[in-house]
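Heads up, there are several structures right after this.
Two complexes follow with chain A in common, the first pairing it with chain B and the second with chain C.
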Partner chain A sequence: MMHGAEPAAAMSAAAAPPRPRLSTQFHGWLLLLPAAVLLVTFTHYPTVATIIDSFFSTPKGRRAAVFVGADNYQAMLGDPVFWRALANNIVYAASVIPLTIALALAMAIWVNGKIAGRPFLRLSFFTPTVLPMIAVANIWQFFYAPGYGLLDQLLGVFGTPAHNWLGDQSTALVCLIAVAVWKDAGFFMIFYLAALQQLSPQLAEAASIEGAGRWYCFRRVTFPLLMPTTLFVLINAIINSFRLIDHIVVMTQGGPDNTTALLLFYIYEVGFKFWDTAYAATLTVVLLVFLAMVALGQFLILDRRIHYQ
Partner chain B sequence: MSARLKWLFAIAATALMALTSAATAKDITLSFYYPIAVGGPIPKIIDGYVADFEKENPGISIKAIYAGTYQDTLVKALTAFKSGEPPDIAVLLSTDMFTLIDEDAIAPFDDLLKTDTEKAWLKSFYPAFMENSQTGNKTWGIPFQRSTIVMYWNKDAFKAAGLDPDKAPDTWDELVADGQKLTQRDASGNVSQWAVEIPSTAFTYWLFQGLTTANNVRLMNPAGTQTAFDKPGVIEALQFWVDLSRKDKIQPAGTIEWGTTPKDFFEKKAAIMWTSTGNLTNVRKNAPFPFGVAMLPAHQGRGSPTGGGNFYFFKKMSDDQRAAAFKFVQWMTTPERAADWGIQTGYVAVRPDAWDTDAMKKYVADFPAAAVARDQLKYAVAELSTHDNQRVTKALNDGIQAALTGTKTPEQAMKDAQAEAVRILRFYQ
Partner chain C sequence: MSALQITSRGHAALETAGAWLLALIWILPLAYALWAAIHPSAYSAHFVLDAPLTLENFARAWNAAPFARYFLNTFLLVTMILAAQLVLCTLAAYAFARFTFAGRDIAFILVLLQLMIMPDVLIVENYRTMSAFGIVDTIPAIGLPYMASAFGIFLLRQTFKSLPRELDEAARVEGAGPLTVLLKVYVPLAKPVYIAYGLVSVSYHWNNFLWPLIVTNSVNTRPLTVGLQIFASTDQGIDWSVITAATLMTSAPLLFAFLLFQRQFVQSFMRAGIR
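Let's turn to the complex of A and B:
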């Protein structure tokens, strides 16, 4: 029987776990192959190719790419637009991430309670998520339109003069941050809502018997139990803050004077408007390193301090 | 390899070549990428032209492919080119000429011009449009969907301000003087109607050229290797633009969104707007008040840059394909078709004799505003276009926006833009 035609059946029939044989290993690899091919083609190969490209010059016309060492990286360090985009992206991420998470959690707690019109509220919080970002950006552009836009009309009631929201360097980035928060908070709310409904009500009851106030209960019981969800949401929020640039393309094109240029938007400009593919690869490597560090930090440091049920 | 095998190969290769050339002589297929940048049923019009052409020229079939905006079309055409399968014909921005030459992606038209009619055909276009189509004594693009900037004004607003509703400001000084009357403020000083909007979030450099040309300065040399952003005349022009908002207070402060400018005009938030002639049909349909179209106001001189798209031939076509493509481009730019295309879209018909066709005469008689862009062509100059065009353009756009938002003085902004342009163009000197 051990030498039968079907090794898999033979294995399950054997009393003691047999040594995995070559054909079993082959089977295993075969099962992994589709996923591996996809990962290599669309993740690993492009990553490696990007890193290699960043050490070469951009091929143009009859000029082939030549090895230039760290030239592209040096040019990057001297590129003021790169620094501007990086600084913008850090400000953007540092505002969008906490605001989105706080808003998502607040909304989740609110619609988790027993209130009138709960399904309607949940739906309306979730609606921004199902709209495409391009459409959202086009709508918000008119919200921000000076004079007759929604925002100016609302503020006009209080006598505030019209403001050129997207055309002023001091407000343009803030306007984009607001769009991003509005877009993502509803999505993250769903995860918090699901997590809240998993929590046993006994915990809150026990806390209230012990005399804990609502805020204390949230701070010491609910929030720590939501940490696995928070980690998941945090990772997604960080990725989104570096990945989503559709609204910039529609609303500001990175202007005025690069005030709203984020890193990925700048990479797109360098790659597909300037056709400087080597420099675009260099910028991409920076983005990759940045995201890899964040991910490592999350999994190595935060993960240890989270209590999984 | 033995001598005999070599012979066999040679024979097989010749046979194969004979076969394929016989096949192409019978049926030539050409791919044609085109963008859409204005309103209207463009794909329907293009498909109609292509069908008519195929009917008149059996044996040639054209695959017309709508490829998105100008930027999308360039990205698609160049990535297709880099992967070895470029389109045969494409309509791309006239300003992409240097980019396409530097990528070694396009072939010039000159060797195709054999007969006298063909040579005369090349000379039939407005010279202003050819400025962005020729460099180094070669013709790389054929004008097709071309435009200029014009000034639209709201006649009702002029009447309400006590101005002659049929006369637009003709000089910079008149623009400022009229602007003072056109700008309306409520009791607390908030503006309810601005006099003028010159958009600055997209095509910033292009609208800026409407000011620099009127100030008699050119932004670049014809070879596309040098820019003149820091000339006194350029700085003056930018100072004038900034002053409209900051000193004269007849234009909103900060950058003005290109996309919502027509909407501002329709909503009576701006009495005058500067935008492309390509918006003519849009304004005609949507303006809820009588409007006028005028040339841009003059200062030291008069003028506007041209804009829009040209036909380009990508490399890698066979001789038969090139001949067929050349036939197609000539067919698309006959006076009748240029007139029809202009009437249907709002683009400026690209050759003078198109304006003498009956269809065009009737259209202009009915809608005189359509002829303003044509009359302005006398004063038109080439749109800013250099090697590494988009990067140089961005340096200028950033500088203009910095000045308009008040983070830099016009002088500082233009000096920085020029320094950046010099750095970018150092490889092409």
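Let's turn to the complex of A and C:
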């Protein structure tokens, strides 16, 4: 970096008095250049290339990719696994996101108040955030193990028979949802905690003097004031529900019978197990459309508060 | 009135109990991992108070896979990514915060795009790019897509913009060039943000899994997370004691750092989240 910038600094000394604006322009772009090159190579180019590749066939051996029009998309619409993964992902997101946000908010309110054992609570809630998903998925796998796993041992006390939690089509996705909620709630708690600490305590006092109950005060005062944080957390939770599939790779591999395959997991399978890169690109386009919709939603609805300028 | 106070006290007790129950569930996986790792295999699913203690599981895990190499790889990976991120994001953030140049606003929106479309979802095309560069199965290939971080650029830009311009101008009057001003004025004043960003970045990349799994295929490049997964899924069958020992080992550095610097960690994540 330094080599490139030193001549630039020398140049500015020479060129600055007559034409300051041009040198500012030049410096601006020069400073941005290294990051811009990497961003274009690994974010913008692949985004565009994904869309282009989705209209071509997968190159095989010496046969180059040929333009196939919308064939990949037609194949996708007729692919039951794609629909399965899409439906799974929607169920997964629709469960994980509200649960995580509600728990994060409750945790933040507890930890922010005068509850007994606050340091332990905070430590316990936040710890999952620093542990690798891959590592904790291994531990959770034991919880769900049929017969001797922790869940079955606990339920066994009540006489419930052993159950193959991850192997049963009706419970596998629920198990993964639990892991995702457990992993992220403490992370989002932090943002609520930060927001709560910035709220004026007089507000709650005023509400309680007016005779408002805690729940009323939360619903009418605290929650509306936390709205910007909720939206920030919401966006991140949505992105995470499409982005994070580590636990699926460890715990179920998308099974049984694709009941836990999420969109990105299916892309991973198609792209790196079946090596059908054109079809993987087509599936990625669907994922990108989802993310673009989130971005657009954020841009249109809520970003009045965050000042980009 | 007193009846109301009693019910509200009852509510508070119920709430405390709920909070504690939740906290216990939240710590349970870690507590279990610790239990299984320090007891012989026979006790991994058998919880009795007089179970003998042992460190043998750690030794067995350590010897069963090249964990020393995986640790080194992860260390190199997170260091490389963080170093590159700090340099690239600082320069770009400085450009956005203090320079007016043609196309700046569009460039900034294009940068922010990466907050939504993260490298994690562009695995197919990025793998193709790495193949074209001939660097599949190298540590730089794992790090490259993450080095120009939109999050870092955004965070530092906000910080730089919040600093008073007078400091900047004072330094310039004394003849300092733009880069000197950046290094002598902006970077020192943004130190807490750098620490916050550093902690977030290190814990993200220490824990990252899918992309490293895809782009590596040898012992010399695999980070801990991928090494752990291969170890847990192939070598061990279902010996939970050894798996949990390995699991704890791989998370230990981050976990210890977290326990020691809990306040800084929490504050860093907070700082990184407030825009």
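Rule of thumb we're sticking to: the second predicted complex is superposed on the first by the 280 of 309 C-alpha atoms of A that agree within 3 Å, B and C clash if a C-alpha of one lies under 4 Å from a C-alpha of the other, contacts with A are read in each partner's own complex, and residues count from 1 in each chain.
Following the convention adopted for this analysis, contacts are C-beta pairs under 8 Å (C-beta built on N, C-alpha and C of every residue); 3 or more make two chains touch, one makes a residue touch a chain.
Quick caveat: nothing in here was measured; it's all calculated off a predicted structure.
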item	value
Which of chain B and chain C A:Phe142 touches, first, second, both or neither	both
Contacts of A:Phe82 with chain B and chain C, given as first, second, both or neither	neither
Touched partner set for A:Gly255, first chain B, second chain C, both or neither	first
Partner chain(s) touched by A:Tyr266 [first = chain B, second = chain C, both, neither]	neither
Which of chain B and chain C A:Phe55 touches, first, second, both or neither	neither
First (chain B), second (chain C), both or neither touched by A:Leu166	first
Dominant contact partner of chain A by residue count, chain C or chain B	C
Contacts of A:Trp275 with chain B and chain C, given as first, second, both or neither	first
Which superposed partner A:Phe42 touches (first chain B, second chain C, both, neither)	second
On chain A, the residue positions that both chain B and chain C contact, one per complex	142, 145, 148, 272
List of chain C residues in touch with chain A within their complex	11, 15-16, 19-20, 22-30, 32-33, 36, 45, 87-89, 91-92, 94-96, 99-102, 104, 107-108, 110-114, 116-129, 144-145, 147-148, 150, 153, 177-180, 203, 206-207, 209-210, 213-214, 224-225, 228-229, 232-233, 238, 240, 243-244, 247-248, 250-251, 254-255, 258-259, 262, 265-266, 269-270, 273-275
Chain A to chain C touching residues, read off their complex	1, 5-6, 8-9, 12-13, 21, 24-29, 31-32, 34-39, 41-47, 49-50, 53, 103, 106-107, 110, 115-117, 120-136, 138-140, 142-143, 145, 148-150, 153, 182, 185-187, 190-191, 193-194, 214, 232, 239, 242-246, 249-250, 264, 267-268, 271-272, 277, 280-281, 284, 287-288, 291-292, 294-295, 306, 308
Complex contact set, residues of chain B against chain A	71, 75, 78, 99, 101-105, 188-192, 200-202, 252-257, 259-260, 263-264, 267, 269, 388, 390-391, 394, 397-399, 401-402, 404-407
Touch list for chain A against partner chain B, complex	60-62, 81, 141-142, 145-148, 159, 161-162, 164, 166-169, 252-253, 255-259, 269, 272-276
